[in-house]
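So, here's a batch of structures to check.
Both complexes shown next keep chain A, but they swap its partner, so chain B is in the first and chain C is in the second.
Presenting the complex of A and B:
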């Protein structure tokens, strides 16, 4: 058998990440058409928001609370990329994982399963971003966004989208692990996703929300998975705001990872007590 | 029993009791369960003890729900027991230490771990990284296993395009790339055709011979157990009924043998020699008490023109059935 020899390949965790990310890319390329259909479907949501807000802006003489049609366009075009970064292992997948014995397979391996999910979805992002570029170009041509991006903003954005990805991965893992205790989780998931929709900046820019909602969003993690990375690129944050945002993101990454690790230990103990 | 220092798997009074919610059918019972939940204890495994020496291949037999898979899951660290103790390679399995997980493997015939959409070769790569297998060693072992299982062409196809048997072979290959010292095999040949079963059997025997791996195997196919295991542990209702050699099992639980004889005489009356199981066209099958088979055979040879005569033990399936039927309470440990 001849499979690439010579070059020394990574082992351990870096190896797990490299191989899993490569695998994810391979799989996504196998399903190019399906991926495109998925991405295009995903565009429908922001385009609706964009058309609504642009219309409102125009009817009010050019802006809504100071946000112009061009700024709305910028917001929702960046939205499409950030939404892709938000795709992580779904909480609905846990029941299937447990029922089909996939979790057992993961548990007899000497690597924490979170690494597969981070690596797999991170690999998926590279394909998604590649497929997203032409869509973004078309949206830009149609909606004429107003962008004023400096180097620092671009750099912060590149870090912030991965911070968003990590926070959401941990949060949805935490949510999904409820499955270890009960499989009747739909109502809980709905509650979570509704709160996230409203308080993350996904439905509308947080600047348009009432003050109390803005304050609430500031202390919850949702904004740092969605609204914050968009604002970095699409609005005009000060350097202090840019960096503070990154620091808060780092805090959420640490806190959600620590909480995930803790709950995981209890969840595995529960799984190994009751089996499947 | 095996000497203390020379044991790969030691199981002492291992037990697992599941607490399951219970309620009767109907609306009233349903409403009552809202207020007061009742539970029932299910004893999946009770006081199971055995030792397995390095390199030993042991068959773990029992009907559905006997506690085999629960025991395997405890030994591979997936379940925490509610009683007793076990060590495998010196580790307590359910502590799931990485050093332990790197040295064992669990192969479940009805579960798939390979990535569905990509060739098995790519999944092998993931295992290389996970188990930190050095490149040269990985390539050598992968090629060896691929050759032994004759899956050179299959590992390049996406797993979803493989048949059940082909997939199982690829699963086994993936599970052994890190050269585990202990293998837990839960129905590794389930659902496969006879040829495929045979190939997997001979592969496992060869793997054991080459690497001295210890194996604990459950299977409903007695051919698996007969081909691979000299020793069997029989379990039912969570408790061990028999632990000893397969041969001893037959002689202990089946006091009879079958004499098949072909005579020139097509109408011989043989009931004086033993219980006549069948008689057609000069071929007769007689059930005879084991200690009398030699004498009965000699008498037949003396009395008739015998064209052919064979003495056989009853099929192991029948013996096992005998064990379950006759010894619900007796425990036989003959090692």
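Presenting the complex of A and C:
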């Protein structure tokens, strides 16, 4: 559509993504101190888990069910990057979007609002990863993780973290859209996040869960937003496991996107903004 | 002193009456509390399905730690944090003027303006957990242990309050500090476990920088026969020094405040 000063600009949906991502990067760089404090607060969680499990490993003579202190360190350091990747638009944000009519502005634009959320948070990831690098270096020096990464694992990981990001975006959109029906959502969100904490590998490697919980985690999507990408890099999955994981992830991306699109069509009809 | 007490009681009563308008929040607090405690118990069970003791603490002893953590968490969320967040907002927007023009001690006033009645549910839940843990431990608790526990709790609460006020005082220099809330919440989670399990440098940090040791581990130690008189004395001295330091920093910081019209 536009060709300005000899420089070809992206138009249509890719253009929306390019602009939104660039804006996100600029905004988040402006708040780098706040971003850093946020990152540091976030680091406390995995460090606590790591210390607890290392202590258990030591008291058990070196390992817990075959996982050594160094492997726990690897797991929870990769955890910090995966956690950064799957921070997406919070379901708590929907109340504000609806109450203050923010959504009205999004609705008159010619593309589905989910694109802005995907693009904005995807852009933010680049800032987050940049700020995360020194923290990862410090954690590595302190906790001495044991890593054994080959090329295939690294490649699968790079895809898997974006798969995790997409699945979690869709799931939390679905959860947030409940706000169109009721605003008393905090108890529901609490339950959801608790289920996610326990069954995703966020709290502890799923291998340490009782067998039935592991089976449950296998059929739920949570694992593919936390545990699976972490295990790709931090543990030794077979080639078959690596690729099956990616396939299942792709399946969840499609399923959650389809469901999101469906619910959105019903939900948006219930929307009536307070004008301002 | 009597006037100050009356003033504090009046403020807290008004804040509590304010909260009573929103009764549904009581049930939401209960649900939240139940989910949080349920999760914590699951975590304890998972850890102890792989070991019999964690850094020398049995699972029932760790339940005492968990109870104190929930209790102090309730104190933080019902009174310390709401007041400090209000203070951050007032410094940023310049509305602290309304506090400073009142003829009473400003530090007292900024510390008692808010009271989240429903969040205080956690104080009861925490006490309940401690009670259950003590019954399961079945070792009998001496009167002096209970007294030491209460004293350690009060000291711990004061330590957290001082730490929060020190953090919040940075608003006078930095203006926008609401990210401190996230930072503190993240750090406070470490108090779920006795600070003795953390490696040296972290343990020192959680004792003197973020006073988690005094807030959670020391009171829990009092009930599980780990607290020596010397440690309790140390807690008294630490709290006194921290309180004096906070008072000094607060009065220095106030001088930097330039008000709404600036």
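Going forward, the second predicted complex is superposed on the first by the 265 of 276 C-alpha atoms of A that agree within 3 Å, B and C clash if a C-alpha of one lies under 4 Å from a C-alpha of the other, contacts with A are read in each partner's own complex, and residues count from 1 in each chain.
In the analysis below, a contact is a pair of C-beta atoms (placed from the backbone, for glycine too) under 8 Å apart; a residue touches a chain by one contact, two chains touch by 3 or more.
From a predicted model like this one, the values you see are computed outputs, not experimental measurements.
Novice: According to the stated criteria, A:110 is in contact with first (chain B), second (chain C), both, or neither; which is it?
Specialist: After superposition on chain A, A:110 lies in contact with chain B alone.
Novice: So, A:269: does it touch chain B (first), chain C (second), both, or neither?
Specialist: first
Novice: With the two complexes superposed on chain A, say which partner A:100 touches: chain B (first), chain C (second), both, or neither.
Specialist: first
Novice: According to the stated criteria, A:27 is in contact with first (chain B), second (chain C), both, or neither; which is it?
Specialist: Only chain B is touched by A:27; chain C is not.
Novice: Pick one for A:64: touches chain B only (first), chain C only (second), both, or neither.
Specialist: Second partner only.
Novice: Should A:16 be classified as contacting the first partner (chain B), the second (chain C), both, or neither?
Specialist: First partner only.
Novice: What residues on chain B touch chain A, complex-wise?
Specialist: Residue list for chain B touching chain A: 18, 70, 73, 76-80, 94, 96, 98, 101-102, 104-106, 108, 110-111, 113, 115, 117-118, 121-123, 125-126, 128-135, 139, 142-143, 146, 152, 158.
Novice: Provide the residue numbers of chain C that touch chain A in the complex, in ascending order.
Specialist: By the definition above, chain C touches chain A via 24, 28, 31-32, 35, 38-39, 42-43, 46-47, 49-51, 53-55, 176, 179-180, 182-187, 189-190, 192-193, 197-199, 202.
Novice: Can you name the residues of chain A that touch chain B in the complex?
Specialist: 1, 3, 5, 8-12, 15-16, 18-20, 22-23, 26-27, 30, 100-102, 104-105, 107-111, 269, 271-275
Novice: Name, in rising order, each residue of chain A that touches chain C in their complex.
Specialist: For this pair, the touching residues of chain A are 33-34, 37-38, 40-45, 47-48, 51-53, 55-56, 59-60, 64-65, 142, 184, 186-187, 190-191, 194, 197-198, 203-204, 208-210.
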